[in-house]
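You will see subunit A twice below: alongside subunit B first, and alongside subunit C after that.
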Partner chain A sequence: MLKYFAKRIVLGLVTIWFIASATFFGMHAVPGDPLAGDKAMTAQIRANLEAKYGLDQPLGTQYLIYLGNIAQGDFGISFTQENRRVNDIIREHFPISATLGILAIVFAGLGGVLWGALTALYRNRWPDVVIMFLVILGISVPSFVVAAISQWSLVGLNLATGTAVLPIGGWGTVWHMLVPALVLGLSTMAYLTRLMRSSMLEVVSTDYIRTAKAKGLPATQIFSRHQLRNAILPVVTVLGPAIAGITTGGFVVEIVFAIPGLGRYFVQAIQQLDYTVIMGTTVFYGAFLVFMVILVDLVYGFIDPRVRVEK
Partner chain B sequence: MSTSHLTPADFQPLQGSVSGQQISRPSLSYWADAWRRLQDNPRAMASMGLIAFLLAFVSVGPYLWQVDPSVQDLDQIGIGPGADRSVTLAPPFQPWLPEQQSTILADNAMGLTLTMPATTQAVRLMWARADGERYRLYRNLFDPSDTGSFGLPLAELDRSYFEDRLDLQAGTYFYSLVMLDANGAETATAITQTVNVTRVISVAEAIERGLIKTEAEAQLGQELKLAWHPLGTDYLGRDMLARLMYGGQVSLFIGIFAPLAFVLLGVIYGSVAGFLGGATDQAMMRFADFVVALPFLLFMILFKVIFGIGPGESGIWPMLVAMIILLWPAPARLVRGQILQIREEGYVSASRLLGGTTSYVVGRHMLPNTLGVILVTMTFQVPSAIFTEAFLSFIGMGVAPPTPSWGAMCNEGIKSMLTRPHELMFPALLISITVLAFNLLGDGLRDALDARMRGTE
Partner chain C sequence: MSEPILQVANLHVDFQTYGGVVQAVRGVSFDVCAGQTLAIVGESGCGKSVTVQSLMGLIPMPPGRIHQGSAHLRGHDILASKIIDGQDIRGSQISMIFQDPMTSLNPTMNIGSQIAETLEVHKGYSKSDAFARAIELLDMSKIPEAAKRAKQYPFEFSGGMLQRAMIAMAIACEPAILVADEPTTALDVTIQAQILDLLGDLQQETGMAIILITHDLGVVARMADEVMVMYAGEVVERGGVDDIFYRSGHPYTQGLRLAMPTNNQDTEANQTLVAIDGSPPDLFNPPRGCAYHPRCPYAMQVCAEQAPPTRTLGADHQAQCWLHHEMAGALPDGLVSASKVGQ
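So, the complex of A and B:
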């Protein structure tokens, strides 16, 4: 078990190195120059700036310096925001994205398990039909449309009641987080509901459920002790990739609801060609996702002992 | 007793006229069987119909609805579907020489008066003014008593008249006149006038737009119909229907060709890895693992930046290339797994034993047996490719304006969502329908092609 995870972590580190290298060489292949900005500058100023950002070094040296800095957790200084360190940007804005993401995952996970169990319980009856219709809708409607429509309805709600029931954008209190997190988690919730439903239906026809029935256990106990607990396993497996989906989906929600998260910052940095911020954010997100997937696998090992035996 | 009716003939053995070996129905190939199962699935068939309709909408549609998607109709900017498009023929715009004496001011608090019927040419307001008084004039699309805001400040005035010619559209406007105190701050003295603006057009303009042919047939006050926009126009006055058709071409092109390309690449990569096996397979799959680990959307955006978009380019190709580079590992893994499994099957050994060459075995046995899985994967990749295009265009990283795409149109529409919801709703609806159709078709195909998966969803 321990050996397996040590191997996973080493592979994860190699993956991060791969991401960092791909980002570095990618960004250096971009036509244009981070200093070719709006201000005219003399050759001397330019040389000074290049020296400051290390752009006067050969590419190989720059790459080594970059890798060395990343190994120490230093992503450099922003090009467009003078003297603002990328680390500070991440430290300031990532917690917001993370809070939103965690809330969304909680919504998606709880909702997915609940609705999925419900649909399986009421298979082919109206709750199943209604929920599955909503699920298909949730999968088919792009997140930015959901975000826009929900914001629109919030405006309508606030206008109709005459007071600000819920804020339509911004960040600060729990009330600001509620709707964006719901919107962010919606497509994942739809996906998890589908997964939970099929996994529930699979579990229903297993031998141990039949045994439990034969023993005369009440239906509620069979449902909560045997069916639900076993059906949840596949849901946990996909939580890793789901976290990835939710972090990137966060961009849209952050833009629409004007939330000062890292995703919005990343899009902004791309539009301004802020090289260090782009590279720093990409590597940071990449590392985050890689370790999230490993973490989910680790958790899965605790939930499902069979996995531990196999590995 | 009826036994007496039996004759010896009844005890003759029957002739073997019915052959037990005969197959009563035609033998169905795997694909014919799958097709039959698919036809039994009403949802899948409906989604196929929808997809055919959408393809016709973007390919045949532009021939039926020959409106240039980039032409601006400046008379009808941001109108919704079914909006009134009547226009009155009026004399050309004449400069206004306000003469307060000849105008009888309305009997309200500030004497705010509309001096002549408001048209899209001009709204002319006049009011009673005492010496030294200053005013601020506002215009709003909504009633200030509802929204609590006077709206757009038009001017600060120390005179008693104002002519508004700023971007007037047919409809209702609320003009508010607020008196200012000596310091220029607003006082409580304010009045709102509701103005109904009618759309007018001069003879010369009507001829230019092709509404009438000659000046001779023009008659002032005559009612004409402006160009018809069945789904309205966007914020620049471009025809929504035409833009949806051309935008759909971009969205569906990326949505269909990107999966086609990267699934093909993945199939080649995966089948080579699976077939060669051993260390090569390990190395190839490790590389695929790295590519999978790249944060997809981040790198999608990065690639877009790296490939760059030159002036006048639409940005479709960089997006396509980026998708192919990033998305091939998933189908590659899938196909490799299938190939590894099939490699051990008896029929492959048999084929080899009978002298089948590698290319024959792969082409004749292995790939056809994975085709079902590949087809299902591809169908499910279409919605995600459409989503990716829409998402990138939405954050402004996708196709470059003025090229329309459904995602880019949503991006533009969301800005005026509150006043003109149709600009967001139509492209959003089309994206949703397309994604829905491909998802349902994918479900149907999976059920039809893969017997093991049937009924689990």
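So, the complex of A and C:
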């Protein structure tokens, strides 16, 4: 088991190296550079700046210097934000995105399993039809629309009641997190609901559920001990990639709800070709996702004994 | 013969499908006595499994429907309710083992807990007592190192071991009846013999009745006291195991017997196997008259027009066939007549 995870971690590091390299060369292949702003500068100033940031070196040398720095956990200094270290940007803003993302995943996971199980139990009856309609809606409507509508509804709600029931934006308390996390998790929840529904329907008609019935177990026990645990396996499998989707896709929701998360820096950096911030945020996100996928595999082993024994 | 513990009378089971109504079981009656083994034989789709699954409440309804008939377990109507004295009869009074042990156990639950579960539900055992008992049951089912095995999961067991575990689970609450739905079909031959021996031994110890569903006549010869031959959802012949093998009174039973390979060195060894011509009947529209008449080598005109009456050929030996009627001519070779059998 330990050996298996040691292997997974080494493979994860290779993945991160690959992400770093691909981002590095991809970024440099884009025309322009961080100094090509609207401020006119003389050739002398430009040369000085290039020397300061190491941009005068050949690409290969820059790459090696960069890898060395990343290996030491140093992402460098931002090009566009005076004297801000990329590490500080991540340290200040990532916890906000992560909190939002984790809350969204919790919503999506719990909701997906609950609604999926419900639709399977009430197959082809009205709860199934209603939920599946909402699921299609949840999958098809983009998150910025849902975000805007829910924010507008919040404004209406606060106006109607005359008090601030929930804040309409910003960050600080748990109340600030609820609606954005729901909005962020919505499409994943919809996807997981569909997955859970089909997996549940498959499990219901398996031989071992027939055995459980033949044993005379009460329906609630068959559901909780035999159906749920087996039906949840595919849902857990896609949770890893789902976390990827939610944490990287969070910036739209962050911007609509004025949440100071990392997503905004991620997008801004690409627009401004802020090399160090692009590299820093991408490699950091990449490492985070790799870690999450490994974590999900670890959890999977606890649920499914067949995975646990693998040496 | 002792008092029957399970009495099934005139059971009819239908399935409503898009293509129409499938009449899977059409008027099946039988009794099961304690300590006896009743074998139900017949080709695939003849209604053997549906019969017992309808008694166990394992048929999905809809599309399934029990539209006629009765089944009484020690006088309680079990078609109306599976609950007797607040307890589900399934797992406690009647338990069941299935054809494919590989898929019949929950893959994410260890074997011991799956056995313990029945004891917790039916006997009110605590978790630890039930698990301890599960280990004893595995031991009774001749699983070596039962204590260690109980903590393992189904994927760590072989097919034969899984069927033993299923048997341990089935006998956990000392049921009056064990239903074995083709228990050895998915296993290889040497394991088959071991499983059958185990079932026989357990029956000796506990005195339970066994309803054995199979299409393997070898298994029937080895295990059964009584045999019921089904065709197209009906019972065509029933009798003691020797009646069925040596004095069969129905052409279908004879056909099954001739289609079975034997290693006898005398007469039959030199004969080629005889297949039954034609294909199983369409249960959307079962044939009029005797359901077997389109395939029967001895079919007469009356067979296509009227359902045959039940003829008693001996003590506890009956067949539904027109050939035994007074007006039918001499019986073909190999079939036994009412007069020849006597008492």
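Everything below uses one rule, namely that the second predicted complex is superposed on the first by the 294 of 311 C-alpha atoms of A that agree within 3 Å, B and C clash if a C-alpha of one lies under 4 Å from a C-alpha of the other, contacts with A are read in each partner's own complex, and residues count from 1 in each chain.
The criterion applied here is as follows: a contact is a pair of C-beta atoms (placed from the backbone, for glycine too) under 8 Å apart; a residue touches a chain by one contact, two chains touch by 3 or more.
Just so we're clear, the structure is a prediction, and the values are computed from it rather than from any experiment.
Colleague: Clash or fit: subunit B against subunit C, after overlaying the two structures on subunit A?
Modeller: In the superposition, subunit B and subunit C stay clear of each other.
Colleague: Is A:I303 touching the first partner subunit B, the second partner subunit C, both, or neither of them?
Modeller: second
Colleague: Of the partners subunit B and subunit C, which touch A:V155 in the superposed model: first, second, both, neither?
Modeller: A:V155 sits against subunit B, while subunit C stays out of touch.
Colleague: Let me test your reading of the model: by the given contact rule, A:R194 touches which partner, first (subunit B), second (subunit C), both or neither?
Modeller: The answer is first: A:R194 touches subunit B but not subunit C.
Colleague: Output check: A:I70 vs subunit B and subunit C. Expected answer is one of first, second, both, neither. What do you get?
Modeller: neither
Colleague: Answer with first, second, both or neither: which of subunit B and subunit C does A:T211 touch in the superposed model?
Modeller: second
Colleague: Which partner, once the models are overlaid, touches more of subunit A's residues, subunit C or subunit B?
Modeller: Per-residue touch count on subunit A favours B.
Colleague: Which partner does A:R225 contact after superposing on A: first (subunit B), second (subunit C), both, neither?
Modeller: In the superposition, A:R225 contacts subunit C only.
Colleague: If we overlay the two complexes on their shared chain A, which of subunit B and subunit C does A:V290 touch? Say first, second, both or neither.
Modeller: first
Colleague: Subunit B and subunit C, closest CA-CA distance after overlay, in Å?
Modeller: Scanning every C-alpha pair, the shortest subunit B to subunit C distance is 12 Å.
Colleague: Which of the residues in subunit A come into contact with subunit C in the complex?
Modeller: For this pair, the touching residues of subunit A are 206-208, 210-218, 221, 225-226, 229-230, 233, 303-306, 309.
Colleague: Show me the residue ranges of subunit B that touch subunit A in the complex, using the header's touch definition.
Modeller: Counting only subunit B, the residues touching subunit A are 289-290, 293-299, 301-303, 305-306, 308, 383, 387, 390-391, 394-397, 407, 410, 414, 417-418, 421, 424, 428, 431-433, 435-436, 439-440, 456-457.
Colleague: Under the stated contact criterion, what part of subunit C meets subunit A in this complex?
Modeller: That would be residues 56-58, 82, 87-92, 95-96, 98, 100, 103-110, 117-118, 121-122, 153, 155-156, 166, 169 of subunit C.
Colleague: Spell out the residues on subunit A that touch subunit B in their complex, using ranges where they run on.
Modeller: Checking each residue of subunit A against subunit B gives 11, 14-15, 18-19, 22-23, 26-27, 29-31, 136-137, 139-145, 148, 151-152, 155, 194, 197-198, 201-202, 244, 247-248, 251-252, 255-256, 266-267, 270-271, 273, 278, 281-282, 285-286, 289-290.
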